[in-house]
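Okay, so chain A shows up in both of these, paired with chain B first and chain C after.
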Partner chain A sequence: MSEHELVSLTIEGVDVSVPKGTLLIEAAKQAGVVVPHYCYHPGLPVAGVCRMCLVEVEKTPKLQIACATPVAPGMVVRVMSPPALEARKGVLEFLLINHPLDCPICDQAGECELQDYVFQEGRARTRYGSFAKRFNPVEDFGGDVLYVPNRCILCTRCVRFMDHVADDSILNVSERGDRALIGIHGDRALDHPWAGNVVDLCPVGSLISKDFLHKARAWELDRTASVCTGCSQGCNVTLDTRQSAVVRARPRPNPDVNRYFMCDYGRGQYRWMNGGDRIEAPLLAERDGLVATDWDHALARAAQLIKGAAGRTVVLASARASTEALFLARRLAGGSSVTGAFRVEYVPGEAPLSGVPNLALRSERAPNATGARVLGYTEAFDAAVRTASEAGLVLVLDEPLHGVPANTLAGAGMVIYLGTVLPEAARVARVVLPIANVAEEDGTFVNRDRRAQRYFQAKATPGMARPAWWVLGELLAELGRGGPFATAAEAFDLLSREDPSFAGLSYATLGTQGVGLPAARPPVVVPA
Partner chain B sequence: MAIGVKVVRRPDSVSYLRATLKGMTLTFGHLFRRKVTMQYPEEKSEPGWSLSPRWRGTHRMLTDEQGRAKCVACGLCPQICPANCIKLVPGEDEDGHRYPLIYEIDEFRCVFCGYCQEVCPEEAIHVGVHYENAEYDRGRFVYDLERLCAQTHPVSSLWDPADPRGE
Partner chain C sequence: MGYPHQPHAKETVVLSQYFGDPEARTYQGWVKRGGYAALRTALARKPAEIVEIVKESGLRGRGGAGFPTGLKWSFMPKEKSKPHYLCCNADESEPGTFKDREIMRWTPHGLIEACAIAQYAIQAEVTYIYIRGEFTEPLAIMQRALDEAYREGVLGANAMGTGKRLDMYLHRGAGAYICGEETALMNSIEGRRGNPRIRPPFPAAVGVFGMPTTINNVETLAAVPHILNRGAAWYKSLCLSNPKSTGTKLFSVCGHVRRPGNYEVTMGFPLKDLLYDLCGGMRGGRTLKACIPGGSSVPILNREETESCLLDYEGCATQGTMLGSGGVIVFDDSADMVYQIMRLARFYAHESCAQCTQCREGTAWVTKILQRILAGDGHQKDLDLLLDLSEQMTGKTICVLSDSCAAPVVSGIRKFRQEFEAYLTGARRPAGAGVAV
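Presenting the complex of A and B:
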């Protein structure tokens, strides 16, 4: 039997053909029907405990659970038929016997599957008004997680995640019957590096994030597809923003990279994106120090300086810069005698998520180190800084210059600094150009498996800051070497025309899930 | 002259006396009818007159037995408000209860639709049966939580679809 053997069946009157062995609930998605469900999650083993997914299958005596029933040829499935609706209404009524009327104070409200399904097909009024509800106090599970037992619907998604995906069985279902609740190992806290995923997995507001607690309501958030900046794994994430501040990051499903998960370290990355100490206007070096100016003057001065530069050019780049910016900065630095360098923080030891192959919090803690390498940058950062002190032109691309003594770059012919913040060592720059950070621009990163992935703009840039691809595009245009670009897509198109590693790619082909670059070329040897 | 315009000629001589007397009779006739004018602000109410119970005036926040605002900062009223005049910042008190750290209504921007009262799951915020709002300072029209809780006027009973005539 081939793996690709197709089975045809009818779901809600729609004919679908799906691979043999597909579960009804997944087949229904292809028919455009979401079967209500709680315990089922595509990233977890099937449990079949909540009974929310009951559907009517013709010629079977009883209703079937769509999450555990594989498709069979000729099946006729009814999801919204009166018996199925009646059964699910009963399930919801049971769930609500003990569920508190907590929505006004519950962080999950607005993105809660219990709210959604009760609204969709539950009873309008309770028939248990005269019974007291079961009560258990809120428990701190450690890590970033709070457990509100009263809201728990015992779907066991959290237990299965810890058992089968994180491989750290510290949660269980304690007690029995209507006293059952989720228990945690007596000596342990929920501090596994990937434990925060239970908050996303919980379909209700039972497991909630302490960091996000009371911060925002689900309906106030704007959601933007992005890529995590925590490490070179490049997990796909969604940035939730409110009034131009990122308030949380959540995993965005990508079967080839992070499936449905992201690590807790990555979740905390959103904080630096809201940092307040930003450069808000282009600055020019005048007699009395750096003076704010407008873009026209700043760009003209920078272009003039680059034209007049003689000798070696050094590009000190950040491995958080977009692939487009890294490429354009190198192109701007021009011809032969160019040194491009970046540095990355390495934290020893990886933190793998054992249930997902090739997924770990990597020790290389930067999102685009591979992109920089592909584009010919090296990690000989200290050597490059030494070279820089005698170079004709130093171009800094958002490198924070930590540990670089303030006067190191003073010896250089001239320094042009493109950055989000202004470190002391960069005050010797002749021109300072404010750029956007990852949450404020469109761009791409290349992860450790050479997968180019796009991220999108999630919030406004502060002041006059502009995306690095725009700034570099304007400068290139002044020098007649390409650009200017109206969109990041145009900058990427130039990259794909000029660099064989990116040949044939465009924003359209990358989509939201990314594409692997062709196999590695022999490493480019760049003279240090 | 444009087609279709009919010119009515005024009679050459006419007396307005009769029409004037007729009008005056009506005017002075009112002197002897029951007065409906109330001498506000000296008089504020009289038997048989009151504001409608469905009147929607400046807000009042109801409080619980301990005198705390009933609001749990659920965020529904700022969301529904068509004038976008409710400012809410949620917080958590010592007992871990969610409550409004900041709750302000800009009564100048409010259009007194009453949606905030209708949407509130805690029956906390209400529009009031109240109309005397004069202030010496525009800034005083942003009512903060303390002020909203300190209001004592009756609250509106909004239109009830099950009882459309308020009976």
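Presenting the complex of A and C:
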């Protein structure tokens, strides 16, 4: 039997064909039906404990759990039949009898699967009456995690994550019966580098993030697809923003990169995206130093400098810059000989998530080092800085210039600085052009496995800052070398036309999950 | 013979023949009584032949579900590609049941012989005998017998001198009722929390340590040497009613009878005779009110049902209950059924492994409602609520512990509704401190 053998069945009156072995709960998605569930999570081994996903299967006397029942040919499944609805209503009632109903102060409210399903299928009133509810105090599980046992529905997702995905079995179900609660190893804290995932996995507000505690209500948040900037793994994330501030990052499922997870280091990345030390207007070097101006003047001055530059151009770029900006910056240097360089922080050792192949917090702590390499940038940063003093033009692309002596760049005379913040060394620039950071623009990164992945604008740019692709597009247009671009997609289209490494790709083909770059052309082997 | 009583003429003594006979506990004593002959016969035959004989005998599981034993054995893979295991379920924790305990206390070598035969029949290298943690005396007796069996060459690398290897271990539970459920038992042996597993996969495919496994109750296995010694036809002939129920069964009778204890009778024996003849009837001139025939997990019978119930799988089903483990709990007219049912529910609430929502929350909630009724604070709607919750707790969970909690509640309310009503209307006053919740 082939692995790809298809099985046809009917779910809620919809005919579907799915690969043999598919679980009903997954097959139902194809029929457009989400079977209410708690313990099931596609990234964890099946537990079948919450009994929420009970559905009716024709010719089977008992209701079946959709999360553990594989499809069979000709099966007729009813998710919304009266017996199935009645059973799930029962589960919801049981889950609520000991629940504190403290939604008004619970961080999960608004994105809580208990709220959602009770609203959808539960009963309007409790029959529990005056019995006291179970009470256990809040526990600090260490790391970023608080455990609020009173809200726990014992779905065991957190336990299974630590057991089977993180391979660090420090959580368990302690006690029995209605005294049961999640326990943690007496000598341990939830400090595994990937432990924060238990907060996302928890379907209710039982495991909560200290960092996010009482920061925002779920319904105030805007969600934007992005890519983590923490390392070269390129985990897909969602940035949650409120009033133009990123308040948290959470993993966005991508089966080929990070499945459902992201590491705690990556979660913390959002903080720098809200930094208040931003350049908010273009600046021109005048007699009294840098003076704010408008874009027209700034772009005109920058174009004039580039046109007048003779000799070598040095581009000092950040490995956090978008692929588009990295490409356009080199293009801007045009015919003259160009040295492009970047540098990356390397932290020895990786922190793998053992249950997922090829997923780790990588030692290369930048999201687009591979993109920079593909586009011809080298890591000979110090050498590039040394040549800068003799270069005709130095273009800095959001490189923070830590440790670069101001006089080195001053020697070059002609520095154009595109950046989010203005480090001391950049004050020698003739033109400073304020750009967007990753949360403020559309763009792409190329991860360590040469996968190009898009990120989307999550919040407004401060002041007059614009995306680097826009700024560089305007300059290219002034020089008659392409541009201007109305969108990042147009900038990417130019890249894919001009650079064979990106041939055939577009924002449409990249979608929200990215694709691998076309394989590098294999070297021609001449037969002997 | 019924222990601790003298055998009654109506008993059919097979498994209990040596109850109360300390000499039968020793290897020499057991061999003198014909012990280990069946094992010798078995090892001289092909495993599949033994499975056939057991199938032929009609033996069914005595642990609760009554599944045909030979059929269960035949589910084990014929072609061995992995190690096989036999688990002997000696966790006996069902309230009202205490028959396996006596088998282990008096005929430990009988059980070892039985396990060895079954182990050979299913081609298992190893048997685990999983003993309830509180059974300290049976454990000591079993351990002594097992040591003897190894010493005498019954077990080990050259079992009975046949060159075949048979190994057997005692595994002591920690006293959780749920560990008697077969998949929880396997988890417990593996050193995990005793949680029942979802099925499929079934143990014959993926059992203990992920290997094909058969699990049988002590009493089920204990019948096997007798079947080999005396033949499947003989065993099959032990039948007073339905031909699908064969052999003898030990009933542990407790409660308001004159002579509580273990009694061994032929399948199909009238429950009425068991209670009135063998057990000597009710205490002190009282009358029978109710009876739970199969351990605490099965529906309660009222007096009429009890008196017409035949003790086999089908006879119990006819009365709307189950033979279960054969733990017969008897209530006379002094019993407060509301209180008794609360006690049962409280047991299940305590023992629920907490995996399934309905069971974890339902068992506790049902107990609280029953306690409220007993305290005189019940609401008129409570009975309907109890029935509705019981419905939610039935047929929807991983194992049947949840159903087991619901069964006595539903049958209790149906059959003794007036006792509940009496509390609800105030006709009956809350029980005194001694009986209180």
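What we mean here is this: the second predicted complex is superposed on the first by the 517 of 528 C-alpha atoms of A that agree within 3 Å, B and C clash if a C-alpha of one lies under 4 Å from a C-alpha of the other, contacts with A are read in each partner's own complex, and residues count from 1 in each chain.
Definition applied: a residue touches a chain if its C-beta (ideal position, glycine included) is under 8 Å from a C-beta of that chain, and two chains touch if they have at least 3 such contacts.
Given the structure is predicted, the values throughout are model-derived calculations rather than measurements.
Placing chain B and chain C on a common chain A by superposition gives a fit, with no clash between them. In the superposed pair of complexes, A:Pro484 makes contact with neither chain B nor chain C.
In the superposition on chain A, A:Lys62 contacts chain C only, with no contact to chain B. In the overlay built on the shared chain, the residue A:Ala109 is in contact with chain B alone; chain C does not reach it. Using the contact criterion defined above for the overlaid structures, shared-chain residue A:Gly90 touches chain C, although it does not reach chain B.
Counting residues of chain A touched by each partner, chain B versus chain C, the larger count belongs to C. When the shared chain is aligned, chain C comes close enough to touch A:Arg176, but chain B does not. In the overlay built on the shared chain, the residue A:Val49 is in contact with chain C alone; chain B does not reach it. Contacts of A:Arg217 after superposition: chain B is touched, whereas chain C is not reached.
One geometric descriptor of the composite model is the angle centred on chain A: between the Cα centres of chain B and chain C it reads 90 degrees, in steps of 10. Once chain A of one complex is fitted onto chain A of the other, the partner contacts of A:Val138 are limited to chain B, with no touch recorded for chain C. Of all Cα pairs linking chain B with chain C in the superposition, the shortest spans 24 Å.
Comparing which residues of chain A touch chain B with which touch chain C, the overlap is empty.
Within the complex formed with chain A, the chain C residues making contact are 176, 178, 193, 198, 349-358, 360-365, 368, 372, 379, 385, 389, 391-392, 395-398.
By the touch criterion stated above, chain B contacts chain A in their complex at residues 72-76, 79, 90-92, 96-98, 121-122.
Of all the residues in chain A, the ones that touch chain B in their complex are 103-105, 109, 138, 213-215, 217, 219-220. Those residues of chain A that touch chain C in the complex are listed here as 46-52, 54, 62-63, 65, 68, 87, 90-91, 93-95, 97-98, 127-129, 131, 153-154, 156, 172-173, 175-180.
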